[in-house]
Each structure stands twice: as structure tokens, then as C-alpha cells.
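Heads up, there are several structures right after this.
Okay, so chain A shows up in both of these, paired with chain B first and chain C after.
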Partner chain A sequence: MASAGAQSKMIREGPFRQWRWDNFERRIIPYIFLAPFLIIFAVFTVYPVIDSFFISLHKMDSLDPSRYVGLDNYVRLVTRDSRFHKSLINASVFALGTVFLQLPLSLGLALALDSRRIKYRAIARMGFFIPYITSAVVASMIFQFVFEERYGMINGLLNALGYEPVPWLRSAEVAMPTLIIVGLWTWVGSNSLFFLAGLQSIPEELKEAARIDGATEFKVFWHVTFPLLRPVTTFVVTLGIIGSYSLFAQPFLLFDGSGPRDSVLMPLVYLYQRGFESFKLGYGAAIGYLLTVIIIMVTGIQLALMRKWGS
Partner chain B sequence: MSEKSLSRRDFLKLAANAGAGAALAGSAGNLLGAATALAQEEEVNILEWAFAQNRIIWQEAVLEQIFSETHPNVTLTVETIPYGDMWDKLQTVFVAGSGGPDMADIAIHVWRRFTRGEVPFYALDDRIGDQMGDLVDGSAMGPWRHEGQVYGLGNEVNTVLMYYREDALSEMGIDGAAGTTWEDMQAVADEVIGNSDAAFMAMPDGSVDYLEQFLVQRGGNFFDEEHNPIANSDLAVDTLGFMQDMVQSGRAILSPGGGPYAEVYYAAMKDGAFLFQIGAPWYQGFMKNNNPEMEGMWRIRLLPQFPEGHLSVQHGGTGMSITKQAREETVEPLWDFIQACNLTNDGALLGFELQNLVPTYTPAWQDDRFLQHRDPFFGNQSPAEFTFAAAEDMVVANSNADWQIMVDSLSRNAIGPVMVEGADPRASLDAAVEEFEFER
Partner chain C sequence: MLLRRHLGTAALNGFILVGLVLTIAPLVFMISASIRPESELFSFPVTLYPKVTTGDNYSSLFERTHYATWYVNTFITATVRTLLAVFLSAMAGYAFAKFNFRFKRFFFMLVLITLTLPFHVLVISLFKLMVVFQWLNSYWAIILPSAVSGFSIFLMRQYILSVPDDLIDAARVDGSSEMGIFWRIIVPLVRPGMAVVGILAFAATWNDYLWPLIVLSQKERYLLTIGIATMDGPYEVEYGAIMAGSLLSTVPIVIVFLSMQSQIIAGLTAGAVRE
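Moving on to the complex of A and B:
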């Protein structure tokens, strides 16, 4: 028979130990469940991100032993690499095309889809979303045929109308507009759905109140609807700008890389060319890091401007 | 110490023991030999990375029909990797130091990329040995030679030839086989464009292939022997000017799709948009596969010559290389397999039968099957006859680890602008070389 002291110790320690284990379990078990993801994330995302920064500080050409060069790759990129500068200009032009062409078209389409006068809106919405979910590879291959100079659909149409064929894919002057057209086809529909969601979240009472005050439909749109779409506009513009600077598949496949005279050279294509075609891995990594910094800066500026617009 | 005499019984006992021991030892030796033989018979699986289906079919046929007789324990696993991904993947495993194949099928113009730093393939010189004299150097070993050592073996003689539309030309009364120089061909081209809507030929604006072929045929190069860039030499400027003039004079059209690798190029070929084209023998496969209904319409002839230079030029091709990541037990069987494919009459003939490509192994040329083979696509001509003739004076381009950078720069800065926009060849080639110098 246990003594009274021992009994009280068992009573004291039993539940306590039980409590301690429960507490431990509560804290640890979630991490055990998360571990598979965290391990994979650490190995395949965090480690490469950190390691590629160290690679960017090295001259690492193909199978040559790598050599530490400090910030040389970055200095060279910023001060001397005209192709990198050209790629940034191209991405900026494409981004402007995104903002000034895609946005109005997307918004116009969203307003049309929001109108009760249009029938089969659900089917139309689905149809406009299809380009977004179509593989960029497939779309680019189809556009290669559409824009082909001799046998392409568009030049066939122009020819029927009596116009000269346009070298959509092989002229340095026309290449960027061609790419912007492909961008419009890909993203206008999906962006319009974002705007549509925004339009449908605007309380009807606000518009009614404006109309009762004598506002025309344009004034209702300009002074009520559009300002209330600011969060959606910010989101779409941000996505568009990030997408413009990280565009890869369309220019790469349509123009076999960078197009005539680098007319559609994009930063990511340049990264690929330097990193994987020329096997300058250190330089390629530096392009990646610098591009990340640039995208963060551009997005930050754009968000600040949007905030100013809001206030 | 007591002396003990050896009795007859003891002697017999000892002799019996010795005999049994010797017999056991002999048995053990036999057992050991058997074990070694068994070990040699152990299954060896070769892992190969390849990208061209026609070559895979050929290699598997060699394994099955020839190699398995002497090496029944060797099997081949081929991982087919798309052409565009193959080189990045190889580069990645070479940098990583593991994960690569035992053997790789490497395209000639790509393999130079791997010569920066320690070459990740085994040199084959000692193994090829005396058989070097049996090979067409320019296609078999030259392109894989780096600092005096050969790291791959190519199986096909890739002499650039010319092809023409016999049916369309004979209707116009033009002999497509006439003319031996490019100057002669200008007159033929004028007749073609004067008598039809077709162009003489199509000039690529998205690929440097033709520029390199014409330039090397004339005796020029993108690089000199010391690997210095000379792609803006006077000869190169003149050659690019020749190509530009072909387009500007209306004798040539710009290649639909940029060059002869695009589907639309073959649509134009079928459409009769051009009546002549040039290309290595493997282009014959492209022509046949893309337009089988044109059987009998085309003919083969030798490439016209420039006043200076050579009869033909080597272009493209693929070779087999043993990677330094090959597992130890696979290296010897691998070499035996490469030998069976490339350095035996049976392997070479099988390649010819399956791929219509003339082997680099010249002893196999004596076989009647080569010259007897007629190709109905080319009006029952003997393709081998033309390859043999062109191989007599075939030149190989200088190349190095920076070749790809030069080709990219030329494509962007020179070929496209000069051919499409009519830019000045000299200024464009200078710009291309300048950019190359920056990027190399």
C-alpha cells in the first residue's frame, strides 16, 4: 500500500505529466503535419533562392571552376549590358500596353458583361476566360500560324482586302505590337472577370442616389463606379506589371527568343539565354536577382501612386 | 630429433591426399573461373539520353540484331528527351556531378558547349586506334575533336547537297542539274523567276545555317584556328551580301517560318514557292516526312561552287559519347556498343538502311547495297553516290565553346536585319561580333 505522500505525488505528477504531454502534442503535431511541405519548400525553394544569390556573386561559366567576383555581375548588368537595358525597355513598353490597352478593354468588356441587355452572359464569361487557361505554348504555336507572313490568317484577310502582307513576326518594327496583340487576347478576358466581380460588389443604392441627384450614366460611371473599382484596378495593374516583366513563353515561342534586333527581348528570356544557352550561370542568377529588385520597386511605385489616387 | 622412414603406405596416403588436394584446388580454380564468367555475364544496363527517334531505332536495331550475339547480358535503356531540353539537362547533371546517363547522343553543333572546363566525356582516341583511318574525319571525329582528342563518334557523312524540282523545271525546259558554280546558278535562277511565279530558292532569315555553309564552303569561318572571331571578315561580308542580293533581286524568297525547320517551310515547298534548296542528307528525311506526296518530283545534285573554296561543307549530325558519369561496369560494354554501331560493316549498313544516311565508316562503302539503294522520292537516284562524291572535298567549320553565343548574335544582329530590312552586311556583322565579344 502506498504511503499518503506517494499517493499525493502520483496525483500531482500524473495529471501534470498528462497535461505536459497534451500541451507538447498541441504545439508539435501541427508542425509534424506541416513538415512534408516545409521540407520540400525549404529544399526546392528556399535553398535555391539563397544559393542562387551566392551563385550571382560568382563567375560560373559552364563546367569551368567558379570564381568569386563580388558584385561584378551586377555592375556589368547595370552599367554596360545594353541587351539587359533593352529587355527592360521592352518589358516597360509591354507593361504600358498592358495598362493603357488591356485595362480599358477589360473594363469595357466587364461593363458589357454586367449589362442585363446581353444574353448568355455565363457562356460569354466562360468564353473570355478560355484564353487565360489555354497553355501559352499551344496559344503561341497557333499564333505562329495566324501571323505567318505567307500563309497566315491575318495576312490572308489583309490580302483579300487589297493590302500588302505585314511581316508580323520577322520585322523589328511590328514585333512588339504583335506581342501586345497576343497579350490582349490572353489577358483581356480574364481581367474583365476581375472587373466584373468588382462591378457586382458595388451597391446599387449608390448609383441610384447619383441618378436621383441628376447624374448622367457617364457621370455615374466616372464619379461612382470607377472610383469604387480602385482596389480591383490596383490588383489588375499590379498583376499586369509583374506579368510584363516576367513574360517568357509568348516571346520565346513566337519569336524564337528575342525577335529581330531584340525587338521583343524580355528580361526572363535574356536570363534564359545567358544562363542556359550560354551557360553563364552566375550572370543569369544576377539577372534574376536584379529583376526581382526592379519588379519590387516598380510595383511599390505603382502602389504608392494608386494610394495617392485613392486619397 | 627422431628420424622416421616413409613407408609405402604413408607415401601412398600422402600421394592420395596430395592428389585430392590438387583436384580440389583445380575444382576451386574452375569454380573461380565459372564465378568470374558468371560475373561477366551479369546484366549490364546502359542508360542513354537521346533526342532523335531515327537514331534510337537504329541503335536498338544494332543492339538486337548484332550486339546481343556477343553481349547477351547488355541491355539499353533510352530516355528520349526533347531536343530543346536535352542540352540544359545534360549541362545541369554535369554541373551537379551526378544524375547523368552513361551515354549521350550529342548534336554536333551543341557538344562544343561542354568543352569549357573539364570535358565531361571520355576521350575515345585510344579505343578507336587504327580504325581512325577508316573514318571520314570531317563527320566522324573532326566535330568532336577538342585539344587534339576525340570525345564522340558520328555515324553519318553530312555533306551539304543541292535538291531541285525536276518536274517543274523540265516543264520550263530548265536543266536543274546544269551549272557547277553559284554564278551559273544565278542564270538558272533568272530563268526560273522569268518563267514562273516560283523563286529559285528560299533564304533563311532566322538561322545562320546558310551563312555558315556558304562561308565555310568558300574557305571562311566564324572563328579562326585560335578561336578568334572572324565572322565579320571581308569574305563573310561578301557572303552575306550574296545572300541579301539573292532576296533583293527576287531570285530567292525569305524562308517561310524563318528557315528549313519550320512546318510552314514545307507548306511552301509543297506549294511550289521555290524550286531549289540545299541541305545535308538529313534534310532529305525532312523533305520526305513533311511532303511524302512529292515523291518523284525532286532530284539530288552536287552543291554549286564558289570561285574559291570547296565542293561541299559538313553540316550537322549527331554522335555517341560516353559520359564521365558512366557507371564503371558500363564503360567497356558501352564502347563495344559504339563500335558495333559505328565501326562495323553490319552496324553501318543497318544505319544506312534505316536512316538513308551514308556512314562515316568507309570500309562499309564497298558494299554493293549502298550504290544499289535507289530512292523513289528522288526519282530513283542513288543518294549515296552524291554523298560519296561530295565527301571527296568536304570542309568542316571551326567551332569552339563560344560558337552558340556567336550564332545567336549573328542571327539577331546580322541575318535578320540584312535579309529582312536590307541592312548593311558589314555594319551588321560588325555589330554581331561586337556583341559576341561582350557576351563571350
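Moving on to the complex of A and C:
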């Protein structure tokens, strides 16, 4: 009797109880650690994503009561809204510029930086990283004057070389190239540092082995280095494409919204104009959704192409 | 052969130098424009180096705009969001790295989805939510919605995975509580990862433009980016003052980033670069 009582006492207070509490704590603890994330995620991401789709099915001007219109907003965007089409074309042109100009430039820069014959590599790396950290607003403010028609740095330089000034920010033909140049300034440096990180993770022995087999430097690059860089290349291209379709501050500030004749109207600027300047919230939400679907499709195609090229 | 090699070296260094000059020139221009009088900026021939220097742009920046207020606003908002981002993502990353629990795969899928979800898919509804919460012109609207990103959780998980399990088990045997393990073992060991997550969160707040533009409309409540952008108006200040404000807003973040550059690049390309 006495021993049974002692036993139950031991179960209640002794190591056994301790063990059970530990076990319970260990099972519950991951949820406690996850809780803040899950709550914030549910309130500020899951709910808005679902609700935005709901809003996009309505005609909703400002926050007044709305009217259900089904897929009307989407139909109008796809079939009749020429400004939306223009914005998609502009973003695609910018994305192509990003991929086909930025990629070779930043890869070339990375290869140069990786060479042992380079001096001042540390300083160069710092310099190339700065545009990535500079806010898009600050960059736009700077470039506004750099591209200024009469007193800007670039036209000043052209003038000194005997060329006519170029209306960088005022002409419908030149606006997109200007924006692409700003994009190059912003991303070539940081992309080259991403490539450099990739290059430095490639074992030197692999390249050495190819050289011993008699491969030229170009062949080493084409058959050894470049294929091994595929993860970084995919990373850079994917981010570049997503960034192109989500560009906002630079076109918005450099060209007062959309530029002459909508020459640099970007999808996100258009969303902002319709949703937050004209307060067509339903239409804005539809733009957001359609744009997301388009981005997913474009990146999907790009990833598939890159996988094919890799195999 | 030797000559070719020298030429190659010269070409390589030249290529880097040209790139570097093109990268730095706009920033040098920003510095130069911030210390020269307006009359010199709008004159011929166009020069980069100031002939006359002045502090007028800086004084008009502080006297005629709310620049100092914007600076403080931005600093406080960015600090709070950074602290939240660092600890909440470390906690979530710890759960994913070191525990097995129900729905783990499902929750991790959610993290990966936030990695790919663009902001514009939810911006309209998020704005509506801010109106409901009465958070327009409140910094909670800036801090909370993006307090934990999928990317920072992913990054913290990678760092915490490298903490040996034995260390955690030993602490458990010694009777440490689970919270104690997190604070005394995990946090000190993954400080470098927390620094990267923190700096990225800080910079994201410091540089963000679209969302603050949507939720903040009172001038005294502006953050630096909207403040600087609105200075650029017909009744506002001279261009030199805008450059002064741009420079002062860029310097601190550049210093922090450059001092931790390699960790940040390693963090950003985590997964893309094999180690």
C-alpha cells in the first residue's frame, strides 16, 4: 500500500511527470515558433490574395459598395484595353533588354573580375555593388538630371564630342532605351557579383583538367564554366524577368508616370494609376491578378527553356 | 606571347575600369550637385567637378522640408521591422530546421509560395485592409504586412540546419527549456544569418517606394523615399537640395552593406550557388 502510494507520487512529481511535460512541450513548441509567421501570413498574405481575386470580379469605385460583374474586368483587359497591352509590350521589351544586354555584360564583368590578373578587385567589387543598394527613388532623382536635355552630363559629353543633344526623357522613341540604360546601371554590377560568387564556387581542378586535355580558354569557358554556372544564370534571369514586369519607381519618377505617348508605361504603373489615382479598385485588382498569371507563364517558359538548354 | 599576355591584362583591367567609372559617375555627380550652387549646375560647359562649393543645399534641405522628420520616421520604422524580421524568421526557421511536426511540409510549401508571390497580386486588398484597420498614415502598415518574408525564413532555416543536433540534445538533457535553447544556443550560433536577414529587411524598408506611397499621405509622416520624390516639384526646393537629401539617405545604408558584402551576396544567392 505504502509502496503503491510512493509510486503514484513519483509518477505525479518525479522524473516521469517531467518527461511527459517535456514531451508535450516538444510537440507543441514548433507551432509556437511558427505562430507569429502563420498569423502574419494569414492576415496579410493569404486573406488579401483571396480577397483581391474577389474584388477583381467586381466593379468597385473607391471603397463604396461594389457590383458583381463576373469576369468583365478580365475580358476588358484582354480584349479592349490598349493601354494595358501597351504596358505589357513595354515590360517585355524591357525584359528582353534585361536578358540580352545585362546578362552578357555582367557575365563578362564577372569573368574579368575572376581573373588573377585584375588589380584592385576589392574596390571594384564595392563599386559594382553600390547601385544595387541605392534606392530606386534616389537613382531616378540622379538620372533625371544626368539625362537632362540641356545641362545633363550625357548630353554635355555628347556636345563635347560634337554630337547633337538627345532628348532622353522627352522623346517617345528614346524613352525606352533610356529606361534600359538606367536598368543596366542598376543591375549589371550586382549581377556580375552574383556570377562572380558562382565562378568562385567552381573547383579550379575541373578547368585545369580541361586545359591539360588541350582545351582553349574559350572552350574551357563554353564547356566547363558556363554549364556549371547554370544555377546562377537561372537565378539572375528569373529575377531579371520578374523585376522587369514589376518595375515601378524608375519609370514613374523619370517619366512622370508613363512617358511621352505611353512609351514607357509599365504594368505596375498602370495598376497604380487605375487603382489608386482613379480609384477603380476592382479593375486594379484584375490588373494585379492578370499580371501575376503572365509573370508566372513567362518565368515558366523561361525555366523550361533553360532546362532544355542545360540537358 | 608575353606581349599578348600584357595586352590581355591591360584589356581586362581597362574593361573593369570603364565599368567602374560608368557605375560611379552618377554617384559622383550626386555628391557634386549637392555642394554646388544651382546657377553652376545650369550652365555651360557641363562639368562634373564643382568650381564653387556651397552648403546652401543642405541648409535649405533641413529648413524648407521635413527632411529630418522623414529621416527619423524611416529609421524607427526600419529598425522595428528589422527586429521583427530577424527574430520571427529565426523562430520559424528553427521550427523548420530542427523539429518534426504535422503539416511541416504544408507549412514549408507556404513559405516557398511567399517567395514567388508578387506584391501586386494582393496590393488592392491589402490597401482595403489598411483602411479597415485605420492604418493609413500609420507605420504599422509598413512594418507588419512584410514583417516575415518567405525568403528570410528560408535563409534562417539554411543557417540553423548547420547547427549540430547534438548541441541541442545536450542542452535538453541538461534541463534547458525549449525557449532557453533557442535564445542561448540557436541565436548566438546563427548571428551571421540574422545579420544578413536584418540588413535586407532594413534596406527593404529604407528603399521601398510603392507601398509607402499608397498608405502614407501626410507630409510629416512620410518616409525618406516619398519625401525625396515629392521634393521634386515646381514649388519645392532646388535640385541641389534633392541631391543633398539623396546623398544623406544613401550613405548609411551603403556603409552597412559594403561592410558585410560577401555575407549578403552569399545569402542572396543561397541555393543558386553550390557551396
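A few points about this structure:
Here is the rule we go by: the second predicted complex is superposed on the first by the 284 of 311 C-alpha atoms of A that agree within 3 Å, B and C clash if a C-alpha of one lies under 4 Å from a C-alpha of the other, contacts with A are read in each partner's own complex, and residues count from 1 in each chain.
The criterion applied here is as follows: contacts are C-beta pairs under 8 Å (C-beta built on N, C-alpha and C of every residue); 3 or more make two chains touch, one makes a residue touch a chain.
In this text, all values refer to a predicted model and were calculated from it rather than measured experimentally.
When the two complexes are overlaid on their common chain A, residue A:171 makes contact with chain B while staying clear of chain C. Contacts of A:284 after superposition: chain C is touched, whereas chain B is not reached. Between chain B and chain C, it is C that contacts the larger number of residues in chain A. By the touch criterion defined above, A:23 lies against neither chain B nor chain C after alignment on the C-alpha atoms of chain A. When the two complexes are overlaid on their common chain A, residue A:63 makes contact with chain B and with chain C alike.
After overlaying the two complexes on the shared chain, residue contacts for A:276 are found with chain B and with chain C alike.
After overlaying the two complexes on the shared chain, residue contacts for A:38 are found with chain C alone; chain B is out of touch.
Of the two partner chains, chain B is the only one that A:256 touches; chain C does not reach it.
In the superposed model, A:216 lies in contact with neither chain B nor chain C.
Chain A residues in contact with chain B (one complex) as well as with chain C (other complex) are 63, 144-145, 150-151, 276, 281. Taken together, the chain C residues at the contact with chain A in this complex read 8-9, 12-13, 15-16, 19-20, 22-27, 29-30, 33, 41-48, 88-89, 91-92, 94-95, 99, 101, 104, 107, 110, 114, 116-129, 131, 144-148, 153, 172, 177-178, 182, 203, 206-207, 209-210, 213-214, 224-226, 228-229, 232, 239, 242-243, 246, 249-250, 253-254, 257-258, 261, 265-266, 268-269, 271-275. Across the complex, chain B meets chain A through its residues 88, 91, 94-95, 113-114, 116-120, 205-206, 254, 256-258, 264, 267-268, 273, 401, 404-405, 408, 412-413, 416-417, 420-421, 435, 438-439. Against chain C, in their complex, chain A makes its touches with residues 22, 25-27, 29-31, 33-34, 36-38, 40-41, 43-45, 47-49, 51-52, 54-56, 63, 108-109, 112-113, 115, 117-119, 123-131, 133-146, 150-153, 155-157, 159-160, 185, 188-189, 193-194, 197-198, 201, 231-232, 234-235, 242, 246, 248-249, 253, 267-268, 271-272, 275-276, 281, 284-285, 287-289, 291-292, 295-296. Partner chain B is touched in their complex by these residues of chain A: 61-65, 80-81, 83, 144-145, 148-151, 167, 169-172, 256-258, 260-262, 273-274, 276-279, 281.
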